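The two complexes that follow have chain A in common; it is paired with chain B in the first and with chain C in the second.
And now, the complex of A and B:
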């Protein structure tokens, strides 16, 4: 075989996948957003209209849902960072090797269980007479019930590994001498974390945040099962998938736009090259 | 912090001696492994003391305990007359130059050097002035705005030194600071280190496994082996009069002479350059140990030639001679020659 044929053989399947399935479906999504639905038969007809987008912009429910979803995704990301950084420092710098291994398993555990299993676990935890209320009720604390707060907690529970693992890995890879050097020069733990650790693990935090942010933006199952009346972008897309595919397609472009804006804004930090 | 640690030791201390380091009965165990055992060591103010030993001998662990990075298992450490055994590293008035320099990769050189001042809350303007002076001292003002990875090993080494010295510690700890440099640069840096130490006049505690480096630089050398100090003394004392077999062997070449051949009936050590090599027909001189033998091997090292002599008493003796004859001439003795080796009895060191 000559080089050309070898290259073709190497790339045939991935290119078929990338262009045939991946790109094609995304393009079709984009195209469908401009198609029309026959109001009488609910049949989708190819064509070109901006009505789907007009509808989305005109109806304030779409805008508030977009903002709510964005807020939830940002909250999940922030909460994941707040948990992952101290946890990573503890695991990498304080914990014994045995405890470190136990924690590593505990953190990645959610990745091994099915998605619905985890949602169910959270539902059982936060339901009216669930664990949360029965444990803390006697102390006068009542849980968030099924609400936007529970959606944030559930999504954090689901996506935390995607933040915790890269952050922990980055902290472990910091030369131990840097901690000694900072301490040697008079800095306490807090100062060292702020001036040395955080700047050096920023690429890992950004890498993790891309996952927590984009996975949260696209989710609607959590909202459906533990969110009470909370609606996310995904909830609206899901309910329109059969009724009005063009509207669903048009609305799908909103989270895609959010993610693109996010990626562009973090791209300049150089974090993407490290993923 | 350093600013507060700058104060003189409390008046209750008997003899406030800024820069004195005293370790009393210090032990360090890692699990079942004893890294340092019941160590007593006193470092005088302004002294350049080297802790010399093979890897795993406990010297770096001792340094890290003085810095505060490791807790002592038992014993106590005094700095400038104050007990600092339980004081965390950031509150001890010592600074460290790390083996791999440990410069902060995301800070510029100026930010690295100024880090300790920033921690201490020194104003930006004052910091800039002091960093400028510190960089000048190590002749690296030109690289102030670069990042550490843009510097050569020797430059990083000097930046690490500047960063540690800017806080004017009473004691500077150096953990094999020249280990990563090539031989020529290492020798230049040795001279520079010695000059800087004389300028700042503070105590230097220097960890190395390079015996030549230790002898060249130090006022005193503490020789470590298996978590213990085998001998402490000036370069001349530990080299010429090794107290133990380990010290004799670790610091350069040594002839270990069994008790029955030694003048005072105890095992002794004789350095090869103290051994005279004579023709076999020379009579033995008084006040010497004198042995007949055959040259088994000659080794030309450049400045000297070593002769391995198998003596009739069964001991192999190494004699080293300066190559002070005509450069093109061969040595006076060759392999197979019958020779006499002898050394003055008080040139030998009795070892325990």
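And now, the complex of A and C:
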């Protein structure tokens, strides 16, 4: 009995947080998606209608924007993996302890800067007369301007630490004798990475990808400041949030669905258990 | 260093941006034809004793200690300010019932009036609302419904065509450089990022596609809305960026990404660079106009009236207009000093001819405000929905 009381005391705060804040607000969101908005005064009235969902299906802008956002989130995740794996191997296995420390700080340092500051920094970098064009202009290279490419680069910049840190930690924990064994058996570096390192760090990559994927999916400030005319899921939700909250609520189920599908497919690979 | 200055400017601009949520249409013939079912809310007949405080939702720059402290001293009403960023936010905030006053723009005011969120205003209790209020801001559709006034004007401004004279060497006389696919500045054009921008396309179509029969850019039937959206989609191919944030707009011009596009006088001024010039093209333009409105359920109506009257005086109204960068509603301000006269001149405060070409932001509603009765016009939700298709 005493044990049970202890257990409830231990779980009270997290459960209150989880149910009271997380689940409750999600349920309210779901419920609002079925409410109606007065077209004139934009007052929200409780009720039950599927019109919001019909509108999302009927207007092709919602579907194309969803797919575009999905593409951006996947591109950011792929780019983060491409950068993190070689970087992690170098840091964990090649770099001297001093260089390793410097690199670790360099990767995590951007996390200390404000989110908006980083996005505005990217804006200044990629503006027509900005840093990128003035550095690479003499070589005949001109930047992507404000476009979907810049959005992907900016989001990668923002979320890279969430991928790089777990990947580095995972590689660091790989026993050195695995590399020796692989080498003794005649495998080259590339072959070792493909057959030994990658399978072992897969859970770390998946953990990181959950962050990069879902954070990119929900972002809209980057699209607003460096996207030019790029429209993301968040942009549409933001433009509807005051004017027509029910349709914003209905549409926010799309990114939730994306994340759930992603988590389920990841879970099927069995990676979540080993995380 | 240049960026540092710009950031400062940008923050001021943010205030300005907030302003942008704005306003309404304009010609009195249209006003005469419009009658809307509005909830019956009693009007205050006479003033009583002052309450202890007044809660105001305002655009940034409208309520500042420079003039609100003196008000508190005079009336005993403590001023609590809440700055809002968009018209839609203002509408939502007003519905919480926690506020007495709002500086509503024309695209918010109709919604507030029809929603029963604001009360009719007894202009007899606002002595400073007198002959000096500029003609173009009296009895407008966005604050006067069925002949009853709901708002007291603060100021107004136009959405102008700003250009970088280093790139655009000849002053444009038409918006065509911003809309047509063969514009010499394709890829360097900035557009405003909000559904209300559809009205800008409608203003252009009004001049260039008379067959569509648009007579008021806020009264579009389905065909006219489709035409405006087609024009916006055409423009989407030549824009460098859309702006909703003034800081972004200023850096877009200053950074060379954008050579021309829609802007406000205040933003042009904030670039602090003479190469950026502005013009009101021959087609005219959209604009915004703000007015004080009193909450239907106001707990401090006397303080609210006192504030409305206080800020309608030449000095205070002028101070707000100067701080924010717009044309003041009270023309008497223009005669108070040389600086004031220069401000009025710069913002065309009393130039009704200038503003006759400006279509102030108004909430589009199903009832056609241009007087047509044989068709149903598109409402703001349809505009919002259509707007999403422009960028996809």
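By definition in this document, the second predicted complex is superposed on the first by the 264 of 275 C-alpha atoms of A that agree within 3 Å, B and C clash if a C-alpha of one lies under 4 Å from a C-alpha of the other, contacts with A are read in each partner's own complex, and residues count from 1 in each chain.
Throughout what follows, contacts are C-beta pairs under 8 Å (C-beta built on N, C-alpha and C of every residue); 3 or more make two chains touch, one makes a residue touch a chain.
Everything numeric in this text was worked out from a predicted model, so none of it was measured.
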Chain B versus chain C as contact partner of A:224, first or second or both or neither: second
Chain B versus chain C as contact partner of A:190, first or second or both or neither: neither
Partner chain(s) touched by A:55 [first = chain B, second = chain C, both, neither]: second
Which of chain B and chain C A:129 touches, first, second, both or neither: second
Partner with the higher number of touched chain A residues, chain C or chain B: C
Contacts of A:200 with chain B and chain C, given as first, second, both or neither: first
Partner chain in contact with A:146 - chain B first, chain C second, else both or neither: second
Shared chain A contacts, counted only where both chain B and chain C touch the same residue: none
Interfacial residue positions of chain A with respect to chain C in the complex: 37-43, 55, 59-62, 64-65, 68, 123-124, 127-130, 145-146, 224-225, 228-231, 236, 239-240, 242-244
Complex contact set, residues of chain A against chain B: 175, 177-178, 180-188, 191, 195-196, 199-200
Residues on chain B engaged by chain A in the complex (per definition of touch): 1-2, 67-69, 88-91, 94-96, 98-100, 102-106, 115-116, 118-120, 163-164, 167
Chain C - residues contacting chain A, complex: 3, 86, 88-89, 91-92, 95, 110-111, 114-115, 193-195, 236, 239-242, 244-245, 248, 251-252, 255-257, 363, 365-366, 379-382, 384-385, 387-389, 391-392
